[in-house]
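Note that chain A is present in both complexes that follow, paired respectively with chain B and with chain C.
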Partner chain A sequence: MSTITISSLRKFYGKIPAVDGFSLEIPSASVFGLLGPNGAGKTTTFKCMLGLARPSSGEIRYDGKPLVPETFERIAYIPERSVLYDWMTVEEHVEMTRRAFRSFDSRRAFELLATFGIDRRRRARALSKGMRTAVMVALAFARNAEILVLDEPTGGLDPVNQRHVLSLMINEAAKGNSIIFSSHQIGQVERAAEHIAVMDHGRLVLQGLVDDLKADRKIVEGIFPDVSFTLDGITNDARVARADRTERIVRLLVTAGADEIAARLSSAGAMGVRVLDLNLEDIFLYAVSPATATTDVVAKETST
Partner chain B sequence: MNYVEWLRVRNLLKIVAIILAILVVLAVALRISVSRYLSPEAWVAHYAMERGTSETRMTLPDGTKRLILDNPSERTRIVLDDHGYAGRHIVITEPSGHSRSDADHVNVGSIQVVESRHGGMTTTVIDTNGAVPVLYYMLMADVVALIVATILAAPFAREADGHLEIALTKPIPRARFAVGAIGADVAGIVAASFLTVVAFYICQLLFETARLDFSGVNSRAIAMGIACPLAWYAMLCAATTWLHRSYGAVLGFAWPVVILIGVLTIIHPANVVAFFIHDVARVLSYLIPFTYVSFASPDSHNTLLYEGGGDFTRRLSIEILLFVVYSALTIWKWQRVEA
Partner chain C sequence: MPAVLTVDPRSGVPIYLQIIEQIKRSVALGVLQAGEQLPTVKQLAIDLTVNPNTVARAYRELEREQVIETSPGRGSFVRSNGVTESPKVAAEIGRDALDVALREAKSVGLARDEVRELFDAALLRWFPTFEK
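Presenting the complex of A and B:
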């Protein structure tokens, strides 16, 4: 059982901030999804967590203690790209991990490799991208680690094996271990993670329990009879997180009171008003991306 | 914890062993093909065929088999004492005009030849039970060890080339990991030297008895033969760890650069620019382990050109110091590497 606390983490490469004042608490015995667009700082955050990169400022603590070499007995890590040694066989990778970590279970590793259909005698250079990922997954999940840090752990895997990895993650959490993982496949995160955090430009832009985020956030959509309509200050309501307009249609992202906002939209002259649930992908996109090219952003301070 | 480095060393030693095994096989083939020329009987038969040669065989009280070939008309007399595993002692007396060599004293492996002239006669004494100087083997071993050292000499750059996530997430301090990796490579370099010595010793055994001489210059050659490749390894390690993205180029250009520096230090400068280059090269040469290996001749009877120079202790100390300093630099840098 382990809690990871990240406090005011900053990491600069030259003058460019990769992570900029990022704070987060990752609870024990949970699956925690870290989301963000490319370049958001997820991998750098993982590297700082594992001492692979030195933070410019801030700190990371495991159960209140800083990272020391012995902490790695409790942490398993899958990087986003293959770090296997091309010239070594899969079996030699297993042996390498067994020698490095006391808690490593070779039999479990070979079972997992068999599940992924990987021949232990093959050299890493002969493996496809997905197979390399599978080898790293097998090595990490045979570690019996309390904390698994997984950076894109399903990269290159086929859908069946992706599902298998998600099951492994959920099983580990059920055993009381902590999983923190990143993925661009939001559907996977939605299936596996209880908590998520969304990063953008090195900063935390959203975090919470997946169920809470989905329950709180709604889209209120209104269709007006013509393009010249006014919203009567609805967008200035603190519960309206974002407003997008396309011709006669306005879409409001609300964090609470969706029915009340819908009623106000009707009063403003909307012909049809409906309240839509959001999936995690919508929440993510609203958190990190500006409006798409086909949508005009409606500034909260102004109404048309 | 350094399993990967041990695997690298093991794989390289396998290649070294295969090459040396091929060498031994070639030596066996050579031994078989020249066996009739090396046989005393064939040699004796050759002399015995000469007109007027008489042949006498006897066994001495100590078991030595003596063969005497005497040719009064040619004034040639050969006495061959065969001591079995203790070698052979051959005394050839012949007119000086038939002398085949001007050398007074020649050592080739375990064979010692001493030639002396009295009046019009030359006496050649050949002993085949001499001790073989170990430095012969160390010369070969050094070549192999330096090649192995050059190949192994980028353990941390290799880790930095896409494997830091494995190397740096092991539950040991980075310094301990680095010491372990260097230790594995050092063991590999020493093992390569040892394998080479063994292989060449086997080759020699195929042709003659081979007692080894570890005394004097030989023990110095062993010490320097180990210290120099290790210092060279540590120097390349330090260079590649600091420039880890281009470690292949560092290893590839190391030899040409070192040779160039060596040449620049011995060329006599003809003008100011050349003098400046010469001085820079000389200063740089102090950082290179080869600078401290002496190739002076140890004595007038020997043509050996290795580790015979003076101030051996100082030079060996510098080699060891270079190894320690370069290793420390490597470890210091490794502790600051980021993925």
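Presenting the complex of A and C:
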């Protein structure tokens, strides 16, 4: 059981901030999804969490304590890029990991490798990208770690094996362990994660429980009889995060109180008032690229 | 229990609400009977490949609404009044669906009388035994 607290984390590479003032609390015993476009700072955040990169400022604490060597025994990490040694066989990697970590379970590792259909005698050099990912997954999940930090743990895997990795994550969470993972496959995050945080340009732009974000964030759309309508200050409501107006149609992104705002649109004279649900992909796009999001949500609605 | 339980994580409806809705529906339809045991939170999470805390949240809400009860160490069960109240649950499901349909009808600008006409026609289609 471990709560991870990231406070005002900054990491510069030269003059460029990869992480630019990032604070986050990751609760224990849950699956936490870290989302963000390429270059948002996810991998750098992970590296700082694991002591693989030194923060320029800010800090990371595990249950209130800074990262000490003993903490590594409790954390398993799958890096974004393969860290397997080309000239070593899969079996040798298992043996190397066993020597490094007391709680490592070799039998479990071989079981997992078999599930992924990996031949333990093969050298890493001969493995495809997906197979390398599978080997790293097997090594990490055989660690009996309390915290699993997984940077794109399904990269290169086929859908069956992707689902397998998700099941492993769910299993760990059910045992009370904590999983923090990043993925560009939003569908996976949507399924497996309880909490999410969205990073963009090194900063936190959104966080919350996936189910709460979905329950609260809606698009309220109203169609007015003619172009000369007024919104009676509805857009000044703090719950209206964004308003897009085109001729007779107005679309509001609301962060709460969708029904109430829909009713206000009606009283302002809108006729076709609809409340549209948003899935995590829509919510993500609104957080990092609002202009793309509106067209997307509406196109999806009209096509169904 | 329910192989019938499925979730669509890609939907805009929160997963815990999807689970609640489906369990209520199963109770209303008698698929789940009084005293019947539900899968454990862990088992259902694994079966659906969703977060255990999400399943736990659904179960907590169902307990609060007295549809199920959980006894520590034994598991979660459908409450007997969960079943006696099943007509009420069925009515709730119907009312919610009608609400959605009526809101939609209103939003496209149909008048009350037009809606009533459509409603009567639909009623005849789905409940033909009540023909005049």
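Assume the second predicted complex is superposed on the first by the 274 of 304 C-alpha atoms of A that agree within 3 Å, B and C clash if a C-alpha of one lies under 4 Å from a C-alpha of the other, contacts with A are read in each partner's own complex, and residues count from 1 in each chain.
Here is the rule we go by: contacts are C-beta pairs under 8 Å (C-beta built on N, C-alpha and C of every residue); 3 or more make two chains touch, one makes a residue touch a chain.
Nothing here was measured: the structure is a model prediction, and the numbers come from that model.
Student: Contacts for A:52 in the overlay, against chain B (first) and chain C (second): which applies, first, second, both or neither?
Tutor: So A:52 only meets chain B here.
Student: First (chain B), second (chain C), both or neither: which does A:10 touch?
Tutor: Neither partner.
Student: Just to be sure I read the superposition right, which of the two partners does A:61 touch: chain B = first, chain C = second, or both, or neither?
Tutor: In the superposition, A:61 contacts neither chain B nor chain C.
Student: Contacts for A:88 in the overlay, against chain B (first) and chain C (second): which applies, first, second, both or neither?
Tutor: A:88: touches chain B, not chain C.
Student: Tell me which touches more residues of chain A here: chain C or chain B.
Tutor: C
Student: I'd like to know which partner A:75 touches here: chain B for first, chain C for second, both or neither.
Tutor: After superposition on chain A, A:75 lies in contact with chain B alone.
Student: Once chain A of both complexes is superposed, is A:192 in touch with chain B (first), chain C (second), both, or neither?
Tutor: After superposing on A, A:192 lies in contact with chain C but is clear of chain B.
Student: Figure out whether A:167 sits in contact with chain B (first) or chain C (second), or with both, or with neither.
Tutor: Once the two structures are laid over each other on A, A:167 reaches chain C alone.
Student: Identify the residues of chain A that lie in both the chain B contact region and the chain C contact region.
Tutor: none
Student: In their complex, what parts of chain A are in touch with chain C?
Tutor: That would be residues 29-31, 163, 166-167, 170-171, 173-174, 187, 190-194, 210-212, 214-215, 218, 271-274, 276-282 of chain A.
Student: Considering only the defined contacts, which chain B positions touch chain A in the complex?
Tutor: That would be residues 1, 3-4, 7, 11, 162-166, 168-174, 338-339 of chain B.
Student: Quick one: in the complex, what on chain A touches chain B?
Tutor: 47, 50-54, 69-73, 75, 77, 79, 81, 83, 85, 87-88, 92, 95-96, 99-101
Student: Looking at the complex, which residues from chain C come into contact with chain A?
Tutor: 9-17, 41-42, 45-46, 49-54, 57, 104, 107-109
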